[in-house]
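There are two complexes below, and they share chain A, which is joined by chain B in the first and by chain C in the second.
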Partner chain A sequence: MKQTYQKPVINKHRSGLMNKFGWSPVYARKIRTEIDGVPIDRLVEQFGSPLFVYSERAARRKYRRMFNAFSTRYPNVVFGWSYKTNYLQAICALMHQEGALAEVVSAMEYDKARALGVPGERIIFNGPHKSLPVLERAVAEGATVNIDHLDEIVDLELVARKLGRPVTVGLRLNLDAGIYPQWSRFGFNLESGQALAAVKRLAFGKLLRLNGLHCHLGTFILDPQAYARQVQKMVAFGYEVEQAFGFAIEQLDVGGGLPSQIRLKGTYLPPDVAVPEVDEYAEAIAQALSHALRPGDHPRLIIESGRGIIDEAGWLISTIIGAKRLADGTRAYVADAGINLLFTSFWYKFNVELDRQVGGIDETSVIYGPLCMNIDVTDEGIPLPPLKRGHRLIFSPVGAYNNTQWLQFIEYRPNVVLVTETGEVELIREAEDLSDILRRERLPRRLALKPAGATPGEGS
Partner chain B sequence: MSDQLSRLALSDEGFVFNPQTGDSFQVSETGIVVIRLLKEGRSDEEIAARLTDLYEVSLEEAQHDCADFRARLKQFELA
Partner chain C sequence: MNTLAASFQAPAAEARHAGSAAGQRADSSPGRPRFHLGGGGELAHALFRSYAEIFFLHGGLAGAALCAVTLLSPHVGLAGLLAVLAAYAFARLIRMDRTFLESGYYTYNPLLVGLSLGHLFQLTPLTSFFVIAAGILTLLVTIALAQVFMAYLRLPILSLPFVVVSSMAYMASLRYSNLLHNGAPLPPLLADTFGLPGWAAGFFRAWGALLFSPSVLVGGLLSLIVLGRSRILFLLGVMGYLVGATMRRFMLGSPSQAYQDLLNFNFILIAMAVGGVFMVPSVRSYLIAAIAVAISTLVMDAITGFWSYSGIPAFTLPFNLVCLGVIYVLGLVGDPHIARRIGRTPEETLDDYLATLLRYPGSERTLLPPFAGKWTVWQGFDGQWTHKGAWRCAYDFVITDDEGRTHANGGEKPEDFHCFNKPVLAPVRGRVVQVVGDLPDNPVGQPDKVNNWGNLVVIQDPRGFHVALSHFAQNSLRVKAGDWVERGAVIGRCGNSGYSPQPHIHVQAQLADTPGAASVPFSFVSYVEDGVYHANDLPREGRPVEPLYANKRLESLTNFALDEEYRYQVRRGARDLGELRLRVKMALDGTFYFDSGRGALFFGKHEGTLYFYRATGDDPRLLPLMLVLPRLPLAHREKLAWHDHVPVGLLVSGWRGVLVGVASSFWPRLAEVRVTQRFAGESVVETEVESPLLGVRQTGTVTFNHQKGFCQVTLGDWQLSRKDYEN
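On to the complex of A and B.
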């Protein structure tokens, strides 16, 4: 009887550091045969590869876990679902069902939220580019508009005049909370006096009424105390504004930036050590609020959660389409998904799982995507057993930013499915085909190619 | 067969030692089979055919893997 085949592999032993951390290929190998009870094989058979898969159960569980962390520590909390993190309609609808407002940063995102049925008064409108028409619409529909720059104050005053009534607005701040690099391109700087000058200008115009402050420290913030410093400064500024101009601050929007459980490239510690629990963030913010706010004062706290909620609810199934050996001897694989679908691979060292147990000795390998670009690398140093065409790699977490920043470059974007809480699989975004690419193009008649066989000069 | 290859010490557990350079290697079970056949002076075609006799593998895949393995041996200056 023939034996089970494992590919011939030879690895040179190296003396020094690397051999100190030996791993067991069998125990270290990560295998995933299903997502929320649905076999990987079945998902690919039905919807093809590559395939984005979301778990409704994981998304709702994470939302509730995070919301409970904040709402059990502060009495007036609401979440704003960060559309830019993932604006697939099904994902947004799910977040709105859980109670989130829509946090949008462009006219397109505003349109998307409204098309989904979110009323204007449940939309927070941030972002540096808000054209006059969309500002008019947002104000008329009751959205919360957070001002990014002085020209926007002028625009909003125009809108107020047009509507014939004062407009209530929020002001976006940037400040030093000990985070490096400090994000200073959005809103008005607090420490330099820009923010106070902006409020003065706003009060001078008498057409706008300030009732909220907004500040987003940055992304993937690993220090909960940074939020405490942010909140203290925002509250103090709010009271200063109230005293000087009579504007009562009714909402404090602390932005987003909460991390997910993933190792960023260049970091040493694994995420379960490096990434604080959500309770630590909630505790830092709630403590800071209780110290800074006057007794009985509970302005609405807005958390613009995105990555922290949805990232770990998404997986990408991809398939090996070829194996090769690079000139320096490194084992390399070509997969049907690359940076075109995994924009976060520029920062993430993904969790990569195999769809089956594969025998053999691990080799440090590189995973390339399908693009004709040298930078299309999703992992450049991962121990993998000898794989062959048809084996599948499952990347996670991929729920944040990949379905908004994915590229339509030489490949069609694939199906996206949602596994429901009862285990059904729903298609939530259909794979693209050529009609999606051509729909917006216009070919001038004079450039139309002649039918094959026609001689030059023939035809119109 | 190269001199390097003929001098290699092999163990069934997958440990390969090159006495000339002092280098040692970890080799999979099938890799040991391939090296032993190379030491016997067998051609790539014969080795691939032998692998299909011993293991559940197609001739096409065995040929592909033999070529890849031989390239690795060459890289380590063993063949």
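On to the complex of A and C.
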């Protein structure tokens, strides 16, 4: 067969010998031909590319593994599924089936949970922005509302007055657990006395009853002991509040922030070294609880899980649409998925797998997305063999945050499928088309280019 | 279903009477509400109960009727009344507790003595004195013998004091020439046999002879009273008479002698006592009763022969000897059908027994599963490997994954096992008395045969037993001997020390504090097995078990305090049944109940579960509550389900109730009323009450909100809505 001509470049070879990075390029090449037994080819054939693929088995396994890690160490645990991580209905439903509450942070997420059929009493309502109407609805429906700021106390008192009964609420704290950055923009600061002042205010108003404390340290927390310090401070504060104001603290919500197995950009060690096992977090939290809680007291421990569970259950299949060399000789590929679909590429160095064995020498390459934006880069330097149009790259883990933060920008958003535990493939979100984009638009008549009625999607 | 309204008919008569005549039976139903009235009512009540006790009936109304029947033979009736009054007066003189007196338990023997003397002598002033003396003597003998029998044999005295004192009185009277013999023949009405055949007339005369009026009329009335109260008792009476008299007919060879013998009442009493009172009515109890009657013929003829030398009748001696003997032996061999709670009628005993059997399968040595989260029973009681012999009552727990494996990786190291190093929690509160903590964790599959129990903790439970936990990980104990631990506290970590082929927790209850002591039965409380909540039971082998810790919200919502009042608007279909006020009260035995004024609904919290134990009295409006929420786990879990059973008497009444009452002694499943409940939300419980055999099915809900108590209760067409909210 005649080979395609390529302009010669000088390349540093990394052959199969040992090198300081500890891997051998040929053997370390990662190939993925199927997801949960379903061939990549078949998936793309049926649902197109790019394509988000979720594994039900992986999601459920991970949920149970994480839940058991906590529940076998502390006898009163419940998970709150963090909607913002992934609020695809199918994914949320799966988590609710496993027993998770819904943890929502906006009116939209609240509506979404309710629309899915989650009763109000199984919703935890966090976040800095809760408008009065949604607060009223959430309280009336029995949701756990965690107060973020003083103005919200006033709002909730209004709601209580309107409902004519006292309202049970939670309070969000921020505290110094020895990690940086300290998320002090949410809730009330513990050490400065803000939190106690807020409880005093609650007690003074007599309309709100405090029954829970909430604190979310941050995201991708790599130090389990940070949670131990957090729990210890929350329990101590809880007892202080119980003693001083007579409230009964029934739940401790320690937030989320558990990492997934992925290398963050700028970290040196690979995730299997850098990211502690979930058992270590569970152990730290349970130990701290058993030391801090009084004998016989077992308030409900809420873990707001998100990334740790779903991230590794999601893959994005993308297809190379073109290969090129940059001016400096760097090999570059254009794929049909970029940062429009992979918001987490700003932090993650993804695990990129090929759909087949490809011969040739690895070259450090750049992967671009389909956007005509310079920043649309999903990997800035990855050793890849020479790839051609039609070869596929499979990005993982992509289960967390991408399907919530993806952009409808330049491209349509693609299909999302779920591989069931029995190996069937179910479409859980259909690819967008023009009607999705035009549906909400209103074109004033005076600007219409075509006679009225001829433009699909035009409002009347 | 109109059964609901009618179902309180039977207790109604009882309670209405109780309300008017004061006092309630305190011994048989602890904690029934007591309605206090004046002293006169109390006396009448004690008096009538003495009559009822003779026929194992509890209730003043039946007693009053019986009293009236005895007065058909004035001498007999008046003498009985006199004796019982004398005994009562003497009891008050020596300041006996009124509660005991009211039960009639101490006064039916004096009554019998009085009746027997009235039967023998005409009532003159001198005889009256004699009767009074004998009555008081009987009371003394009763109190003394009752104590001796209860303390040494755990037996009731039945009518033994009557036999003793009556025999003495008869022997003494042989020397008292001034007592006038009651030689008058029976008045014609009483002597009439109403054309009945010999055996039937004999049957009724034997009933009458029980009250020393051997007349067909008196006996007929008596047996009707008994029939009205309990079909089982009546049928047992018939069976006893027929078996006993027929036996004797063949032994003696003379039908008339066999059927007309007045002592035949012994057969009736034996059959009733053994088959329906002291044993839970069942085919077995009926068979044992028939056997007891059969053997009593021998006893009876022996006694009659011997006693007649002294010119005294055998009275109820055969009944006492045989009945006490049979009950004593049944108790010795631990017969499961010995009635532990004797109801007002055998039907009630049976219903209560069947419901209790199904409702409370656990034990009184209650442990919380000694871990958090979902573990699997590896070995239960009488396990196939090591839970045998002296150690048969023990549980082993491991953690299994979705594939049913207990380990990940190769399972070659203890660390590979899911349960290894997981916290072990104290299953009871108590004092730590023994610990071993420094033994190594064995390699997998190589148990330590020297230190069988490995690292261990023994906790002394103040309720009178010890709990031993074994196979902790090396150096993982967080307690030392002398420490006090609360339930749920972390005491160590699961390991693989001792005779342990793979990491697991071993737990057993024992009486001694030494490791490896013989185990005793116990049960687990408050756990979920396969999504179903169990309040107190034994999980099955191979099943996942997860303890449930009470949550503060449900605890406080059901924290009913004394004298609190909950008001409900009650509707049934379109009918408004007015307001139901439930006030929290405490009974004599320390149990709590909601008092509605007309009835009582007993409740209690035990180890993480709220129970409604039973409804008594005359208030059908309590029924929905009892049926819709016989129990409630004090911890919410989404879609958690649980089961319970309620007495069938709450659901059926009228002729169906009568039939079911008798038939369920032959076919106990007939009385099985299953209640299935589940949380339909954090504040809603859905209930289904069902008896497939009787074709009864009702559904209902209980709703809570933020305030103590239930917000709304529905069951079938019943609806109870809380009224006192916006206070």
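Here, the second predicted complex is superposed on the first by the 426 of 460 C-alpha atoms of A that agree within 3 Å, B and C clash if a C-alpha of one lies under 4 Å from a C-alpha of the other, contacts with A are read in each partner's own complex, and residues count from 1 in each chain.
Simple rule for what comes next: contacts are C-beta pairs under 8 Å (C-beta built on N, C-alpha and C of every residue); 3 or more make two chains touch, one makes a residue touch a chain.
As the structure is a computational prediction, the values presented were derived from the model and not from experiment.
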Looking at the overlay, what does A:I10 touch: chain B (first), chain C (second), both, or neither? first
If you count the residues of chain A that each partner touches, which comes out higher, chain B or chain C? C
Once the structures are superposed on A, label A:H298 by its partner contacts, choosing first (chain B), second (chain C), both or neither. second
Let me test your reading of the model: by the given contact rule, A:S184 touches which partner, first (chain B), second (chain C), both or neither? neither
Shared chain A footprint, chain B vs chain C, residue numbers none
Give every residue of chain B touching chain A within the complex, in rising order. 14, 16, 23-31, 33-34, 51, 53-57, 61, 65-66, 68-69, 71-73, 75-76
For chain A, which residues count as touching chain B in their complex? 2-13, 325, 329, 360-361, 386, 388
For the chain C and chain A complex, residues of the former touching the latter: 371-375, 399, 402, 418-419, 422-423, 425, 429, 485-490, 546-547, 549, 551-553, 556, 638, 681-683, 706, 726
In their shared complex, chain C is touched by residues of chain A numbered 61, 64, 68, 70-77, 99, 119, 121-122, 142, 164-166, 168, 211, 248, 250, 286, 290, 295-296, 298-300
